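Shared chain: chain A. Partners: chain B in the first complex, chain C in the second.
Right, the complex of A and B next:
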């Protein structure tokens, strides 16, 4: 009877019970969070990032623990540094709203959010670190970096980490990244009898041929490349882009060793290139030779699928970045011996070598995991001090050693597994030849067509002819639209320059400094880019363009 | 009795209001510039407006507040025709006020007014380059000793060159070259030489002159490896295309030897080979990383890292 009553009570009140439990849980959670995050008498520095991969938070926690202890020993006061890991999907919303609302974390990882990347917001919300970077890092005392400005202790003197338009605004990187091919050493030896990976494209294709023969002979279904949509993109960087080096040189009107969408369009109108060119055809042929060794239906597979295939020992190779070295090593464990090598060159190929002479240089590679300091933070000196602590040689080596990434401080050593990721010096500064990208509509349609090409539903001739149609129809409008975007960007730069000009009179620095000159130069460069692109367009539209 | 209370109240009110009125404009000006530093132009409007109301017309405080308020209207978002009109009126009031006492504030107002005229600020705004040119020209001719004069000289040439018409571009270059002859070491010299170099390259197509102007721009960029990389490459290419082989070789070599972090090193090697030269090997800024010992490696560093600093055969 009692039991029935209880059952009856639960039946009737179940919803209410669940609601009450949920409310109780929420109250406890919020109270716990407050107790954890809010400590009224302890200075707290919050650091927001989206690095949720295994190992990152632990590596950062190790540095935080050491810093908190050191700070207490030095000052007798307690401080807390709290990580705020946020998923990529919610990162932009969180950073944008908290910066605008004035409750943002003290240190913020740059990226994803507009307020953390757009120059006008950077100037508004973040601390210019130029002056701090010109002073030595006090945590380098007693080392050979002791008297060197903090900026110079980074492997690239932070050349790549300052905002061109703002000049004085730097981010502080913790790591750097490059991309290579991971391979299954046991499988390579099994199918080819070799212990060393292929050094040329011909050798690479020979290896795949040996793998096919092995599969046929043994009834196995090993994959040459654990392919997917993402893998296609990675291989295209190395086996499609290099075919355009000469075209880029021919279209480089402003002689900056690159070719942007505007130059490509002007060159198209001047008949300096077309979609039917031999180098373009060969670039597709080369890439398609590789995708033949991807799994069937790779167009529908994603990054996780290819990684899974590879670590399970079903694929001979996988292209990926140094950021994944730790994760792949851990997942492969004892299944097989893992090797890493650079993408074999196409240069010595009898047919492809005519156009593809080298790849992209990595000499100018910049730092990754970039931190900015919130200029409205009550603890910005402490936040900067913490970043200084993290970027001593010893601590940067330790952080990256824990997570198996490449360090960014001069003389810091990395794990031996990362040696093949050392940046490559040979190569062109950029092999990006953007054509259809000038128009979002044409770009989207051509992307769709490319899947039909790779699936064999469209021949290369048909595909290229459709690309020509798309380009001729949309590129001019795209040119104008992109110019409008440049003009809007110039407006932002001019706004910053206007403030600079007024502050020369009414701010603290009353002299025209090198930084002021550089900022004005940046605005001038953008302004001239727009005028030049407009001028060149007028020339070709008026039929003044030279013929090939 | 009641009338006495009223009287006291009135006196009190007068006292309080006069106390407020007596409050100087300085704190509002400070607050306004603090907001400008963070590019918070909308937030700056109110303090500058308040400071302007409190300052006596024509005083330095009034000029400062007027320029600050104009700047806020000129740059605050969203861009509207009404805001730009207000900004223009405010700048014009300073220009008129300082007509007989020309100083830096006069020059500043002219330059900012010129930028307001010369740039497209809102949807159907029509830039007036000629008006902008006339305004900055006044700074160059009427206040040449101002710290804004070098900036005005730059803008004066820029407004001409931006037309991309050959005649006007030549006029802009001539004026700026004249300015640089008088003030060769001014803080904006390298930026001014870069503008001249760009204009010689396009629309004028005078490659030799463009290369020479870029060479002069090198002086102010000695510490900036990234800018130097671009400049060395451009100078080498311009001399190369103009047939000045020895100068082209000089800059291709300097790029390789002086700028190890330049991504153009390999391209310079390719060009030197084309010109029949044996290029120097690329400097390796990652040598320490490449030379690290690999014993105890858990996964082999197969080390075909493409270092290739001494593998010129790859650069066919």
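Right, the complex of A and C next:
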């Protein structure tokens, strides 16, 4: 009887019991979390990142544990550093909303989110670190780096991390990354009878041809490249960007070694480049030649899909970075022998070599995993101190050694497996020629069109003429919009003045020119030397600059 | 236990009971209404989501819709006409209909004048579209309204539907004129509705398997079997949607996915290749048969429609089952005595009695489809995939807000979307009648 009562009670109240248990569990979890991490005598520092790769969190936890212990020994106080790993897809939303909402973590990994990357937001939300970087890192005491300013202890003295617009440093890197091609040594030998990877673009294409023949003969379905959206981007860096080196040089009116969207637009109006240029056509042709060896439907595949195909032994090659070296090595260990080689460049190609004259240099490769310190954080001194602790030679070597990445502190050694990732120093500077990015609308539509181009549903001619149409229709509006946003965020910079002047002088729309002139009139009172800029721009755009 | 209403007289003694609803009201206000009101406010601002916040009035709406002088009379006529459908007082209804006709005439005049401007002189696009439909609508509205007024209740429904059609024609005509001919407004926004309209129609059809499944489960004789199926329908609810998404993505994979293999095994590939070669001309089905369902511009919409086959929605089935459980066994017994078969029971007993649930699902479906963005974002990225065919208004709103930091404009997209969804919900409420 009693038993029946209990059963009846559970039957009737089961839902309520589950609900009560869930509420109890939540209350205990929250209370435990508060008592452990946010107790009055414990300082909590939160660190947000999107690195979900195996080993990263563990490597960072090792440093965190050491720092927490050291801090307690030194000060007698408790500190808790909590990692907040967020997936790449949701990272932008999380960072944007938490920064704007004033509840952002103390340390934030730079990237993906506009508020963490755009200079105007950086100025608003993050702490300038120049002053700290000029002082020696106290955790280097007793080493040969003891008296050297913290900034100088990094492999490139953080030159690549300097924010020109803000005249300061805002990020501290932990690692360095380069990209290479991973290949299945067994499959290469099986297909081509060779043990060494291709050295030139022509050889690379020949290898793919041999693979196709092998597939046809044996009824196999091996892929040349385990491709995906991300793979296209990686290959584009090496097989599309080099074609624009000369164009960038010709359009770099302010001679800052880059060609921003404003310069590209003015150059377009000056007929210095067009979408029908041979170098652009060949750059697409070269990339399309490669993507032909990607799997069918690769544009709907993600990074994980391509990695899965490669480690399963279904693909001959996979482009990836040093960040993936250890995980790929581990995953393929019992399946096949792994090789890593540098991207064979197109300089010796009879057609492509005319524009892509040399390989692209990695001399300018900056640090990766860049941390920014939230300027509104109550614990920013602690956050900076933690970053100093992590970037001693010993700790940086340990962190990168654990996860098998390239360290960024001078003298820190890396694992032998990373040798092929040593940055190559010769070649053209690695720059991108941004065109359609000037307008969000044009950018969105061109992305949609590129699916059709790479799926073979649109010819290159059609694609390029559509791009011209999009650019002509939207670029001017995008130019104004971007400039207006920049002006509102950063009151005076040389870029703004130059872009304004260029539009005034070379824009073919009178109405626009009048508006720009009015806008410039209001800027005359500012400290910029507009006349100097104007003179220089005229010289450069008219070709006199290049003579000098 | 007797119930007692709380009024002014007993407020002092009983009013404290109202405190019980304060937490709920506070939560809804803070987390639902406040963000929505803020979004509406920001749609009139140039707002980057941070500190840049400048009042720009209707600028965002103008950028979105084009020349507002061509929109507001149509909007007002729509509003007055719609209001007249819900009012019972004949004289008020007559006045509202008169105002509707005036605004429609003004719309036609505005479009005609716009079409005569020098800028539009060289653009001929079915000139009748520019002003003919609003006049046709006026005529249809006056005649239809009179007939509807005179006819019986059943006819009123059909006349009302005809009137609604009369509205949709000029609305679509005006949209086409403004977007395609006058090249006004943000045509990417309009483009994003392409997929939505297709998915709304497809999703309405995709409701049917859930209805039939619910009826099958309801008609099971054994209560144990019914319970078993109900549990089986609840279990999938605890599986995260992302898992379903990944499974379907794998299903569509052109290289290793089972769909292409299944089509090859069943020789459907030959049929599809033949269809593509001689009828469709998509160029998507060729030898060797490896269609990229999520990578081909022509296959993306069919793939999204086919997604979730056999379309038995878990929540839908449970909602319909709850409605069907209210039908007493005596109703079925009476039907059987009258010699009604299984189809007759469905048409005359079950379907009318679950119309409340169907209407609820329809409203949720329309709202859900119009608001959809995360699914497309995860699958195709923020550009909406091949030729932007997966672009939805919600995804466009995300793109404008989070990728270009133009939050004010994104709020304006949300505001327009809100009015569209509200209008569709009202239409649904008015025309999907529940007659028991």
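The rule is simple: the second predicted complex is superposed on the first by the 351 of 548 C-alpha atoms of A that agree within 3 Å, B and C clash if a C-alpha of one lies under 4 Å from a C-alpha of the other, contacts with A are read in each partner's own complex, and residues count from 1 in each chain.
In the analysis below, a residue touches a chain if its C-beta (ideal position, glycine included) is under 8 Å from a C-beta of that chain, and two chains touch if they have at least 3 such contacts.
Worth saying up front: this structure is predicted, and the values here are computed from it rather than measured.
Enquirer: Between chain B and chain C, which one contacts more residues of chain A in the superposed model?
Expert: B
Enquirer: Please work out whether A:342 is in contact with chain B alone, chain C alone, both, or neither, and reply first, second, both or neither.
Expert: first
Enquirer: Would you check which partner chain A:285 touches, where first means chain B only, second means chain C only, and both and neither mean what they say?
Expert: A:285 sits against neither chain B nor chain C.
Enquirer: After superposition on the shared chain, which partner residues are touched by A:296: those of chain B (first), chain C (second), both, or neither?
Expert: second
Enquirer: Counting only touches as set out at the top, which of chain B and chain C does A:124 meet: first, second, both, neither?
Expert: In the superposed model, A:124 contacts both chain B and chain C.
Enquirer: After lining up the shared chain so the two structures overlap, which partner does A:451 touch, if you call chain B first and chain C second: first, second, both or neither?
Expert: second
Enquirer: Contact-wise, after the overlay, does A:185 reach chain B, chain C, both or neither (first, second, both, neither)?
Expert: Only chain B; A:185 stays clear of chain C.
Enquirer: Should A:358 be classified as contacting the first partner (chain B), the second (chain C), both, or neither?
Expert: Touch partner of A:358: chain B, not chain C.
Enquirer: Looking at the overlay, does A:466 come into contact with chain B only (first), chain C only (second), both, or neither?
Expert: neither
Enquirer: Do any residues of chain A touch both chain B and chain C, and if so, which are they?
Expert: 124
Enquirer: Help me check something: in the complex, which residues belonging to chain A touch chain B?
Expert: 120, 123-125, 155-157, 159-160, 185, 196-197, 199, 253-257, 329, 337-342, 345, 347, 353, 357-359, 361-364, 375, 406, 410-411, 413-414, 416-430, 487, 490-491, 494-496, 498-499, 501-507, 510-514, 516-518, 520-521, 524-525, 527-528, 531-532, 534-536, 538
Enquirer: Which residues of chain C touch chain A in the complex?
Expert: The contact residues of chain C facing chain A are 48-52, 186, 188, 249, 252-255, 283, 290, 292-298, 377-389, 391, 399-400, 402-406.
Enquirer: Okay, in this complex, where on chain B does chain A touch?
Expert: 29, 33, 36-41, 64, 67-68, 71, 74-75, 79, 104-105, 108, 111-112, 115, 119-121, 147-148, 150-151, 154, 158, 161-164, 187-188, 190-191, 194-195, 198, 201-203, 220, 224-226, 230, 233-234, 237-238, 260-267, 270, 282, 284-286, 288-290, 292-309, 311, 314-316
Enquirer: Looking at the complex, which residues from chain A come into contact with chain C?
Expert: 89, 92-93, 96, 100, 114-115, 118, 121, 124, 221, 223, 229, 295-301, 305, 309, 440-441, 444-445, 447-449, 451-452, 455, 457, 485, 488-489
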